[in-house]
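What follows is a set of structures to go through.
Heads up, the next two complexes both have subunit A, just with different partners, subunit B and then subunit C.
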Partner chain A sequence: MNYKSLVLILALFVTLISCDKTEPNKVDFDRTALLNNYANKVILPRYELLQAKSTALHDAALNFEANINQANLDLLRADFQATYLVWQACSSVEFGPAGMETLKLVFNTYPVDRNKILTNIASASYNLDAAQQIDAIGLPALDYLLYGTNNNDQEILNTFTNQSAAINYLLDLTSQLKNKSSSVYAQWNTTYSNTFINANGTDVGSSLSLLINEMNLDFEKFIRDGKIGIPLGKRSLGNPQVDKLEAYYSRESLVLVKESVQRLEELYSGTSLEGVNGLGLDDYLDAVNASNNGQDLSLLISNQFAAIQLSLDAINSNLNDAIINNPSQVDDVYNKMQQLIVYFKVDLASNLGVLISYQDNDGD
Partner chain B sequence: MNTNKNYIFLAVIAIFTFSSCEKENNTEEIPSTYNFENVNYSGQSARLDMLAEITTEMKKANTGSSVDANVLLSMFANTNSAFANSSLNTSGKDLKSKCYNNGGGIYQASTFEYLMNYYGGISIGAGNTWTPGTPGVATSGSSAYFFDAYGVEYTQIIEKGLMGAIFYYQATEVYTRPSKIGDAVDNDLIVAGEGTDMEHHWDEAFGYFGIPTDLSVSNYSDKLANGSARYHGKYLAVGQDAGLNTVQKVIDQFIKGRYGISNKDYTLRDEAAAQLRAEWEMVLATTAIHYINSAQSNFGDDALRNHALSEAIAFIFSLNYNSDKLISNAAIATINAFFQETPPGAPNPVPSFLNVTNQNLNEARNILSSAYGLDAVKDIL
Partner chain C sequence: MTVTNLKKAIHKAYTYLVENPVSIYPLVTFRIAFGILMLISTLRFWYNGWIEQLYLEPAFHFKYFGFYWIPSPSPLVIYSVFILLIVTCICISLGLFYRASIIAFFFLFSYTELIDATTYLNHYYFITIVSFVLIFLPANRQFAIDANSPAHKSNLVPAWTINVLKFQLAVVYFYAGLAKLNYTWLFEALPLKIWLPSNVHLPLIGELLSYNTTAYLFSWAGALFDLSIILLLIYKRTRFMAYLALIIFHLMTWYLFPIGMFPFVMIASTLIFFSEKSHEKFYSLFKPAVPQLQLEQSNKPSKIVLTALSVFISFQLLFPFRYLLYPGDLFWTEQGYRFSWRVMLMEKAGYATFTVEDGNGRKEIVDNTLYLSPFQEKMMSTQADFILQYANFLKDEYQQQGFTKPKVYADVFVTLNGLGSKRFINPAIDLAVLKDNFAPKKFILPYQ
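Our next item is the complex of A and B:
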């Protein structure tokens, strides 16, 4: 083989591997099978579980209403925590029915407006579906009601015993979550799964685009910023804002962020809740030979997920305390997350021919 | 002959059928996208294209080139064949004549011309590195922005300001108001390709927003990617990303209004007109908060902070162009005070970011979120 041919072949090779948007279409990858796995094995079961846990939560609230005591408060709290954990698996798929129902806003807007909650209870008159109630409902509102400002169980029990309006509010909140989650699950279970699977291109209205964009958005804005960055002080010149933590009252935010990262990784890899690893974005990346500086991108991403979990494991207390006492550890989590975001937003998206289109800093 | 009679018979039946149809609020017929007959907003598209060329011209300063104010002024008034896209030069449309010009202390056409001259003048310094007090370019990573001595990026003030003073102003103060879509406006004579006057005026409001007629929530990211969602259409993303379903809310109102007009349901029309203005205003408010958040996240980075603040104040002063605005003049004045200073001996304050504190940003954001009911989501915008 002469020199010219080699150069030509190399040039061709470089051209092929440097192509971005058209490459995924040339690769023999079954996008329909991918979307099928996502719809039926990954996403639908998450919503099914969310509905189940939300229903159990509402039942526990009814049980608490029947007998306001410590035992039932403990049961209620257990179901609340179980629901919050399952929510972490649903937060990153806020498109389709969930988007139309603004499920994320309803389930998990925090911090709550305590005064608004108390006013709602005192007036016994409110429309929980109204836009201005967003920060008085959902899991964060339950977090406040069930754990209170100083986690004093007797005070909490007294509040409910002395005000039937508080019990009614509790039931209205859990009922709303049950109804919303049921509605979104029903839509996925009937028509939306097919809609999702059928939009199997990479362009207009494609599910791949929706999936990747929402995953990125949730990770950047809601996980990195919402759960870690803002409480840590990234918007406040380094001054911590602990009361902006998720699950601030129950002090469970570390558990939740670990769960959210775990579920995000499972979403990325097409893994079901039972741990069955089906077709996912990682497989797609491998199929298009996505790499970064000579290393497989899927491996880099998998390693980065592990690094994030390690940095989370290094934190020995809850985040309420860690942010104050060991901010550098929480900062480490932030930085590890940031690196993953780069892999997702820049490398993963371009290798799969999907444009990340949500607003970043530069809206120019 | 028989055939003709049959056709006439059928036509008569048809006429009777259609004229005796009740005006039902038949929501099953409302299309899910802006899919109507005789939609034409080419004049608006031309103006959006014009602003794009003005912006491209202004951004030359970001790479060290000075900018000729006369080019900007010519483009603004569409004189001297200033546009690279020659069809714009011969379009018979212009930005200046549609720009707000009713005084009241709000940036108006003459203000923007003054700023274009100002910008051309200071752009002589585009080769300098920005420092407080010296116009120049500030960089951060691959981003580069030309600021004036006070840290203000006039590319944003002018671009986003004209978005407000022309596109938002025309839609909220002219094309969705009685003078253009009221009962006295003709809604019977259909001009081929343009509809009735009333329909056409509503389509012009649509055209100013910057979205394609087939926009839906599911294809929004692709419309952003291919550029067909632009200007305000691009900033739908702020509320959408926060989970507010903004895309759906805006297109619902556009569809409802056009549907109401085309079906002579004027209750629908008027509801949609009012609600559309409110949703459009919300896009400005959420975007302003978004840029304040961005400035806070990058507070120590001169380039990113001042860039974000320049965008923020442009969206904030644009709230003024809608006479139904929710936020009070006093609230806007309070916010403005954080972002200006009065040079020694000068009669009036000028925009300035040299003294902004993080606390100012918190207060500005709180004022906005309070006025627009966005307290719950202000951190994630």
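Our next item is the complex of A and C:
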């Protein structure tokens, strides 16, 4: 038998096998269109909004400096909370410019070191960009300054009135956030969007791999562990660590968790801030027929997101109190999140052929 | 056929395969290519930052069973090892202090492999074996600095010194082919059906890769290639075409998958199948007078060499089949999976959560990133012996932190070929009291 007939028989045979299936014979998915949607409709608007909110926050801080009173404190706090909410949308996309600027460390490292903040204010000499200041800056430091230094608003106002160093520190914090977010937005807006869209492979360093890895990392380490698990005592023999909550002083943790899960789902599904559902990872999973025990993986994942939100909605106090008074409800949230991580890190990654590793290495 | 005839035939085959004096040049090619490729491979490993990532940064290293005593290196040690590897690779290709160099290479390379078992690759195992075999081969008798002294020069070597390398290559390909003869590979075209479409962005062939038909074609062609390539290389009339196919096959795998140097090692190694004449022709380009072969007295291998050869060959043939001694699905349990030339056979991903319980029943969830690199965590979460090793490590670690009699539980989910995550380890079993051994691991849940 010569080569030609062998190849012919082989080809025929293969065609027969592959036609025998009910599933489509081709994975029809435009990954460049996916990345395009992510860059221009999902991620860039998130940074644009973060820049806008951070700028408004800094303006509110300047306004507060000019007139320290309850009304301006309330305005400042409103802008602080708005920025904290918008930040939740940016936390899961910490690659490219954000990775270079270590945006997540700067914006949201908690718990803060109160003594470090007070020492900084007292000495009035500090470099907020220095690595050792990482737990004395960002939104958590503002959370402390605006809610935590004293027992009531009047005393907080007095602190700012009596200490110009405190108001200066406040302004340095907001100005740092404004600058960092502006820099990241500018980079996305000028060059990085195209870089992101063009890296359309699946290898380490490709945009799809960056997106999925950072999304997983954020959900596992920063949402499940940081916002829920660690305060609940999952790393401390079940002893609650309430003071390790995000937004501990303003007691707004629950709102922020809900927001972060919501934004993560929108990121996963390629949904814009206006709610337009474009090409996302869910569509990609459908295109490759990803399933688990006979059910569409994309359906399982969206159901799991809904289950997490339901378990969060079941908590009817703030998280500071719920962790102490109703730990089983918070534990339920944790377990629901755990299942979603399995879907993400195991099922989704495997089906998309993306290397889930933050490290390059040979396989065989 | 009478018994005498049979005996004669066996004797003839034995003489042909073992004792016959043959040209040294295929062996010389092998030695030089091996040295150069190992040099590139070592430099690449260093350049990619893997010395730091894989050997220095992790706080904990996974070991092979029986090699727990292998110490984790200090920076000074590991950099020295790599510098020595570079030197030995150069010496091997030059044929300078060959015997000492290849012995040193074997031990140094094996050491780097034994530091952390999560770095296991069939390709590294192949290099370990080949460097071990090369210790005993007279590959420095020609085109080598060692061969400058006439006493060390030789044109002829006993046939076994070349055939043992051919045998090793045959084992790699044929066993890789055998491993592909399973339902999932042939009739589901998995995992290629997952892997190929993810390369759709590549120029020229990208579009083709998104078709299921392509995955089936590649699966079948890959299995056929692995099973037949050695025979086609041995048979003179098909050799050239076969080698061409081999180059295309390996370049394709290199292009499509992150498999590093392996394709080039195989492309270079299989040159040994070319005839003595082709090799001699090549060397005569540099040294016009490759002397004509003269029949010297046949070089009979000693009893020790013959025994060692038999043991080596039997081991290579039998060891990959040890999986038959274990219950359950091989691809799920991976008991007897390594060291068996199962290359790029399955898509697997897992996620492992460890809970440590103290004497009072209080529980804590382990942050794996404190002890493991992302790479180690990924490898650990699908392989039961690593899960057990890590659980044992956690027991000691938490004991040092003041836990009394810590129990360690693992909740692990694994998906095989993207078919859906399933629980891999019995989460109710305290792994802290178990020790790794060759017995079947009962804490692995059966594949459903």
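Quick notes
In this text, the second predicted complex is superposed on the first by the 327 of 364 C-alpha atoms of A that agree within 3 Å, B and C clash if a C-alpha of one lies under 4 Å from a C-alpha of the other, contacts with A are read in each partner's own complex, and residues count from 1 in each chain.
To be clear about the criterion, contacts are C-beta pairs under 8 Å (C-beta built on N, C-alpha and C of every residue); 3 or more make two chains touch, one makes a residue touch a chain.
Because the structure is a prediction, the values reported are computed rather than measured.
When the two complexes are overlaid on their common chain A, residue A:Thr190 makes contact with neither subunit B nor subunit C.
Judged by the touch definition given at the top, the superposed model places A:Asn325 against neither subunit B nor subunit C.
When the two structures are aligned on the shared chain, A:Leu105 is found in touch with subunit B, with no touch to subunit C. Greater residue coverage of subunit A by touch, when subunit B is weighed against subunit C, goes to C. By the touch criterion stated above, A:Asn158 is placed in contact with neither subunit B nor subunit C. When the two structures are aligned on the shared chain, A:Ala290 is found in touch with subunit C, with no touch to subunit B.
When the two complexes are overlaid on their common chain A, residue A:Gly226 makes contact with subunit B while staying clear of subunit C. When the two complexes are overlaid on their common chain A, residue A:Thr149 makes contact with neither subunit B nor subunit C.
In the superposition on chain A, contact is made by A:Ser236 with both subunit B and subunit C. Contacts of subunit A with subunit B, set against its contacts with subunit C after fitting on chain A, overlap at residues 203-204, 221, 225, 234-237, 355, 357-359, 361-363.
Interface of subunit A with subunit C (complex): residues 3, 10-11, 13-15, 17-18, 21, 23-29, 31-32, 200-204, 221, 225, 229, 234-238, 288, 290-293, 297, 338, 341-343, 345-347, 349-364. Residues 143, 216-222, 224-225, 234-235, 237-238, 240-245, 248, 287, 290-291, 293-294, 296-299, 304, 307-308, 311, 358, 362, 373, 375-377, 379-380 of subunit B touch subunit A in their complex. Put simply, subunit C touches subunit A in their complex at residues 48, 50, 53-54, 119, 121-123, 187, 189, 194-195, 197-202, 210-213, 216-217, 220-221, 224, 241, 257-262, 343-344, 347-351, 353, 358, 362-365, 367, 369, 373-375, 378, 413-415, 417-421. If you check the complex, the residues on subunit A that touch subunit B are 94-96, 99-100, 102, 104-105, 109, 113, 131-132, 134-135, 199, 203-206, 209-210, 213, 217, 221-222, 225-226, 230, 234-237, 244, 355, 357-359, 361-363.
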